[in-house]
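Presented sequentially are two complexes of subunit A, the first with subunit B as partner and the second with subunit C.
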Partner chain A sequence: MSKKTLEIAALIVILVIPMFLNFYYLWLFCLASIFATYTLSWFLMEKLCGRTSFGHTLPFGLTAYIAAIAIFFKYPLYLMPLIALLVAMVSATIFYATSFLDRVKFVFATFLYSIVLWEFAPFVVIKGDVLYGGEEGFSIPMLPTKAVYLFSSCLLFVTFVFLIVLHNSKLGLKMMAVRDDEEAALAIGINVKQIKVLNCVFSSLFASFAGLMYILHFSHVDPDIFSVENAVFPFIASVFAGGYLVPVIGSYILIFASKYLNSILPQFHLFLYAIILIISPKLRRFSNARG
Partner chain B sequence: MLVVKNVSKTYNSNVVLKDVSLELKKRILGIVGPNGSGKSTLLRIIAGLEKPSCGKILFRDKDITRLNANKRVELGIVYAFQIPRPFYRLTVLENVMIGCLIRNGENIRERAIKICKMMGIDHLINAKAKVLSQGELKLLELARVIATEPEIILLDEPFAALDKKNAKVVKEKLLEFKRMNYRMLITAHRFKILRDIADGFVEIKEGKIRRYHVEG
Partner chain C sequence: MEINYLIINFFSGIFLALFTIGLISNFKIAKFLNLSYGSFFALGAYVAYHFFLSLHLLSILILLFISSIFGILLYVLLKKIGNDVLSSTIVSLGLGILIEEILRLTHVTGYFLILDVPIKVYEIAGVKMAQWELVQFFMLITILTILYALYKSKYGIKIKFVEEDVELATIYGVNINVYQFSSILLACILSSVLGFLSSTTQAIFPSMGWGVLVSGIIVLAIASQFRLVGFKQYLVLAIVSIAYAEIIGWF
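Now for the complex of A and B:
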């Protein structure tokens, strides 16, 4: 059995187990699967194009916000994927434009997007037909958790398989060449611009759909969806990056650890995030050397 | 086949190339000159990695001055860096496969293995490029270039940073390319090193062509 098959089988097991657990754990697993998709969308950009983004809250949070407003104003649910698609295209355009900066500037620029949205989101207060968002955010009617879990686990599975297939494809090989050296890739005949566009589109698309799942799951959205915590989440979850299953497991561990630590001391998990961020260069070097 | 017509290049106020014109017909042309004479800039302009300030590049009578580097590779003009720039996190085989991808054919893996064998690096196909020595990296760079099935190879100082043993191996490979009828533009510091390979020479100094000597 190949490593890829084993990874897919392991993911299926992780996705099926919650079906037999009580409501609380199903809810928690659902949240973890959404954040795992979010992490994989980020990982697609980092691993295949070498761009570390701290701005993936842009497609993730914006889709959640806009979809929440649309649901609040009674737009049919089947229109929501369209919103995710549109936000993904806008985000991809912004990421692509930013990708002309060097790698370090890219990190800071994308981080700036998260901060700007975080600061701007409290101003979303629609008074026409009453939607009081602001600092508190707003809620929409709740959907059955089992149904949302079914969608979110399918999304995670599709994202995971897509990444494995892409990694082993000709397109994936071209992306990795661009990641390692853009000019050398150009000199060998790769259309670097096209590859970067595709990478931004794929990455934004999965992040947007994860954002859509987030609002369907939580039924509530507030400015904290753009928080620094969410911006750095994928980076922390994939700090031990090896294959594609590691970021998924990392996301699950972070979600479970956050909830557990929160019950002991509120916001204590941020301390854990800070420690991982501080030692991340060493951890990255270790995982890169291993790879 | 390849014509460089009145090409100049200026960085801010620094003139690197002044009205350079040359022609590559069915031969291997050596471009010789000291450091900073503009040899590498000229090759990079021909490869499309830099735009000239003025002048034209013609390939088969078609103006390719505005064409991107990747499009020029599709036409058959490919550039090899002076200091090899492999895709470090990929294996040797993957590096060569990327070169093969440009032609979109089938059996890319088999073609890449064949090229690795030809270049004498088939024992390294599963090694990551980051662990290779300078000599091996040079051979990988040449393998990657050959994989694109080029018509003209632009070689920027192929013997730079190599010891005698590795320089000899690279020279043998270039002679093999010559026997395979590849057209090449090769830069070097001295005539001597290109004597057995090139059919003609151009001497370039301070961005200007000083001597043009082409046999036959």
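Now for the complex of A and C:
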């Protein structure tokens, strides 16, 4: 059995177990699977294109926000994937435009996107009988958790398999060539711009659909979806990353640890995030050396 | 009415220039984007909230002590862990979140804090100006004068050297650690002093520094396009800050 097959089998086990657990754990596993998809979408850009983004809250959060507003205005649920697609295209365009900057400036610029959205989101207010939005955000009717989990686990599975297939494909090899040296890739006839566009589209697409799952799962979205905490989540979750299963497990561990630490003191988990961020360069060096 | 708006925006620009001076000095001398800078701003405001009413100006000593401790901690972390621009920036982001969480956990409340101190208003040539606005104007003049004197002194050429090429400066025997340490420490103190002084004019909450940090980074990005070193970059930074505040304020 190859390593890839084992990884896929392990993921299937992780995804099936919650179906036999109580509601609370099903809810938690559902959240973890959504954030795992979000992390993988980020990892696709980082691992295959060498671009560290702190702005993946753009496709993730914006889809959740716009979908919540659309549901608020009684648009049918089946139109929501269309919103995710649209946001993914807009985000991909922004990421692609930003990718003309060098790698360090790309990090700064994408971080700015998430903070600007975080600062701007409280000003999104809709005037009805009363005011909606603002700091409170938007709520939608609850959906059955099992149904949402089914969709979110399918999305995670598809993202995971897509990444493995892409990694071993010709396109994946071209992406990694662009990651390693753009000029050398250009010299051997790779269309660097096209590769970058595709990478941005794939990455944004999965992040957008993860955002859609987020609003369907939580039934509520507020400006904190664009917070620094969410912006750095994939970076922290994949700090030990080697293969593709490690970021998924990292996301699950972070979500479970966050819920546990939150029960001790509200938002105590951010303390953990801060510590991991501070030591992340050492951890990454250790992880790379081991790899 | 329009003149009043121009003046309000002008003083916002002065504040932004003061804030961004530390950010650009860290970027040019210590070679990283200090993402903990906004948290130092919040730290200063919290020190003012707790100590200003009881200790008045003596509370600035407490502020200097606390911000120096965290400034030194940032420098040590950068030296031990951050070995390039990106990793140093990420380490500073981690410290920023840590400071923010310490503030949040020690003030377990969902509400904004308010430091209730009457604001003195002066009328100069028919235009009303708050005491804090005049203070920041004189602060900017003082800091620019100090920077001018520094760059004209024997240390100026060494600082310019570090700004232009840190490796070459090291090879030629410039002790870059001294300049990088001073830059980080002074920037952290400056940010917290600004948070301290502006605490009477705004609501106090742990993430209050992010908004101003975003504006600071935008101004820094624009000012960096001029590729200047030495005193000129600070002068251009002040002009860009004021222009930015006027344009944003207008909209």
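Please note the rule applied: the second predicted complex is superposed on the first by the 287 of 291 C-alpha atoms of A that agree within 3 Å, B and C clash if a C-alpha of one lies under 4 Å from a C-alpha of the other, contacts with A are read in each partner's own complex, and residues count from 1 in each chain.
Just so it is clear, contacts are C-beta pairs under 8 Å (C-beta built on N, C-alpha and C of every residue); 3 or more make two chains touch, one makes a residue touch a chain.
Because the structure is predicted, anything quoted here is derived from the model rather than measured.
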item: Subunit C versus subunit B on the shared subunit A, clash or fit after superposition; value: fit
item: Which of subunit B and subunit C A:Leu85 touches, first, second, both or neither; value: neither
item: Partner chain(s) touched by A:Ile115 [first = subunit B, second = subunit C, both, neither]; value: second
item: Contacts of A:Leu150 with subunit B and subunit C, given as first, second, both or neither; value: neither
item: Subunit B versus subunit C as contact partner of A:Lys170, first or second or both or neither; value: first
item: In the superposition, subunit B vs subunit C on subunit A residues touched; value: C
item: Partner chain in contact with A:Ile188 - subunit B first, subunit C second, else both or neither; value: first
item: First, second, both or neither for A:Arg179, with subunit B first and subunit C second; value: first
item: First (subunit B), second (subunit C), both or neither touched by A:Val104; value: second
item: Gap in Å between nearest CA atoms once subunit C and subunit B share a frame through chain A; value: 15
item: For the subunit A and subunit B complex, residues of the former touching the latter; value: 170, 173-174, 176-177, 179-181, 183-192, 291
item: Contact set on subunit A toward subunit C in their complex; value: 52, 103-104, 107-108, 111-112, 115-116, 118-119, 228-229, 232, 235, 265-268, 270-271, 273-282, 284
item: Residues of subunit B that touch subunit A when the two form their complex; value: 47, 49, 68-70, 73-74, 78-79, 81, 85-90, 94, 97-99, 101-102, 108, 144-145, 148
item: Subunit A-touching residues of subunit C, taken from the complex the two chains share; value: 33, 35, 77, 81-83, 85-87, 89-91, 93-95, 97-98, 100-101, 104-105, 108, 210-211, 213-214, 217-218, 221
